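There are two complexes below, and they share subunit A, which is joined by subunit B in the first and by subunit C in the second.
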Partner chain A sequence: MSLFMDLNLPFTADKKRLKTLLETAAHLGFSTVAINYVHKAQSKGKQEIPKPTPLDQLVDELPIVQGRSRPIKILNRLTILVTDTNHYRTNAAEYKAYDILAVHPTTEKLFHAACMTFDVDIICITITERLPFFFKRAPINAARERGVMFEVCYAAAIRDSTMRRYTLTNGLALVERNNGKNVIISSGTDKALELRGPYDVANLAQLFGMSEAEAKDGVSSNCRSVLLHAETRKTASGIIYTVKTPKDTEPKETDTDTISMVTDEPPSAKKRKTSAETDTDTVSMVTDEPPSAKKQKTSAS
Partner chain B sequence: MVRVKSRYLLCEINISVPSNRLLLEDRPIFSAVKDAVASMHGDYGAAQCSIGFSVKYVNALTGIMLIRCPKSSYRLIWSALPFVTSVELKGRKIPLFLNCLHVGVAGGGELHSGTIRTCQKFLVRYNTQQLHRMLPQCKTTDEKTHVRRAILRSSTKMLKGKEHKDESD
Partner chain C sequence: KERTDIKLKMPPAVYERVVVKNSPVYQYMKVSLVLEKAQTKLTAVEFKHLITTGLKSLYGEVGAAFPFDLLTFEEDTLTAVLRIYSRGLVRLWSSLTLLGFFQQQRCAFRVLQVSRTSSYTL
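Presenting the complex of A and B:
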């Protein structure tokens, strides 16, 4: 039995609704979920990307996952709806607050750019309307090389019949192009009644033309590689990462001015390295290399 | 004589209002599933599920049901199950969803079941698990002793069943 994940539960301000949603997800056997914050980028003016709400403010008690004795794991995810190339900013500080980063391209040019250059974990596929473009093999293969996943949401298909047709068409078009690899299936609903169990979702994915094993990967191991990819994106290929020094470990004798200065410092104050010798060489070598799918697996083990 | 092969799908019925669960019956669920198959797979699907397709068992208290379908078309029927969103019970439309608990999935071969008996065995194990989950949620001591006793009863029954099996072997 593998760990099942649902990486798209839209954020709702309604706490009660979110709680039932999380409880249902845990009951169905999802061990990891991601709360999705959608950011609609506009072309005019600089707009603020919302900060994720801290988890302890959202839920009081995490529900226990079905069939396991561990509580459900909740992550934060940001989806940027891009309509122009400059909406995605590389290395923006706001992105660092989120665990997973996703983009939703609306035109072919943006889709191409998202597959080739954007440093993201997930590329969302439009499912509520007819695709404005055809998928091309070149960008999809490039995305696969880089370990970026494509996401198909199934909730709209449950809602009504025309949506179902669009979902199936677009899902089929995607799976035909990338042979069922690098696809994750997630819910994308904020109603508890529209969630489905992991085995049902895997079976649903078979309607897109995926094989049994690929469909199961879509709800389990591909989601896991999304998480690992997110980690490598944050931490120079998963080898080096920076930690913020905890506030209470600072010397207490110093006066208040110095303390405030220390806390204002960027989180790169302390670096932890796995390989002690030839520090600078490893750093430059690692950061120059793009994090590929193979790299993730080695860093995971 | 060739045996007619069929698959059994053990599903959990999730209803948002728990009191509505007691209204569950097999006939309305059967027609709801049939409608979902028809809307998903058209006339071909509806024809497939008119042979050897039935709702074998519905437990209104725990919200469990068992569907029997021919082996050749069980994937077809299963793929339509997520699209069941409501069932008409006693003239009211009740929103619900079905969650498959026990069916064969690639890679998870241990879930495959071709007989109604393996489904029953799984269900006993599953319900015991549910009791274990209920225990920490109990508020009064009365409830707690009740659940504890139920767990004890189910586990002793399982042990007894095993002994019987050993003897017969």
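Presenting the complex of A and C:
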């Protein structure tokens, strides 16, 4: 059975509202949601990318997903509204705090660049106004090969009949071009009464011209591949990743962690640890190197 | 030996398997309406009118003319069972999904169940 996800719940500072929103999402059967932080990139001045609020500060208790008896999973997502090519910076350190990275291109050139080169997980489609450009097959196929998904939000369609027309038009135009293959449907609302259940959303996606199976994928398995794609962005092809461990605080615990990552024989490593402490020190030095080396590079450039 | 005894004591299975070979004529939906102000009362006629308005705003006159029936309606929980021709299910469902307002207050239809046989939804 596939898990349902809603990868766009806009961040609100209002804790009570966020709580009801999360409870409604869990009640409707979404087992994973992403809290979305929108960053409007500007050409002038220094840009501050917002830092995600830690989850334990946002919610006290995770609501239980209906029908799965498991707490809901909450992720952080950053959406960058790009109006110029240099607004997206490759490998910026601020992006790493987020689980999912999305861009919202506003011009055809940016859309092309986002599909072809940007290392992101989701490309948002404008739904509140007429499309400023036509979708072309070449960038959309390239995005599909790279595993980047297109996102259509449905909340605006509930709010207003003009927006509904634009949402349907743009959704239809998108599905016409990519045959409904890599589309995800998410809510994009901070009001609990504008959230809809996963099967409702799948049914709604059929209005975009997707088949029943594709529409269901749009709320389940395509979202899952977004998460997996996000994992590979953080790591080297999803195989290896480096963790910077703090040296001073609790050296013993962190050392055992790093050792088990590096060598394939944890028992022998443990033995060594008990025999001599100097050994563990050298190992931790080695594992600490890659992140610090990266840091130097970024500071130099 | 004990285990066989337990098996014998068990009541017969209560489930029933229904196989529908041709595509069914009707589909049944169990829906409930959630309103911003929980005290608001609706009659069955108002409820059906609300759904028809939703159909009309999304599909126009032709959509609003598509026949569907309100089989049961509970006024205190605002839960209803609808019957629709199978061909119209997607249209009815999507118009329920996109219905967001009832008399200037926010509302949402929660689809509780969709079935092709009436005995399970009722």
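Assume the second predicted complex is superposed on the first by the 244 of 301 C-alpha atoms of A that agree within 3 Å, B and C clash if a C-alpha of one lies under 4 Å from a C-alpha of the other, contacts with A are read in each partner's own complex, and residues count from 1 in each chain.
By our rule, contacts are C-beta pairs under 8 Å (C-beta built on N, C-alpha and C of every residue); 3 or more make two chains touch, one makes a residue touch a chain.
None of these values were measured; they are calculated from a predicted model.
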| item | value |
| --- | --- |
| When subunit B and subunit C are modelled together on subunit A, clash or fit | clash |
| Partner chain(s) touched by A:124 [first = subunit B, second = subunit C, both, neither] | neither |
| Subunit B or subunit C, by number of subunit A residues touched | B |
| Which superposed partner A:200 touches (first subunit B, second subunit C, both, neither) | both |
| Contacts of A:161 with subunit B and subunit C, given as first, second, both or neither | both |
| Residues of subunit A that lie at the interface with subunit B and also at the interface with subunit C | 28, 157-158, 161, 164, 193-197, 199-201, 203-204, 206-207 |
| Complex contact set, residues of subunit C against subunit A | 34, 36, 57-58, 90, 93-94, 96-100, 106-108, 110-111, 114 |
| Residues on subunit A engaged by subunit B in the complex (per definition of touch) | 1-2, 20, 24, 27-28, 64, 66-67, 154, 157-158, 161, 164, 192-197, 199-204, 206-207, 211-213, 215-216 |
| Contacting residues of subunit A [partner subunit C, same complex] | 28, 157-159, 161, 164, 191, 193-197, 199-201, 203-204, 206-207 |
| Footprint of subunit A on subunit B - complex, ascending | 12, 14, 16, 39-40, 75, 78-79, 81-83, 85, 95-101, 103, 105-108, 111, 129, 133 |
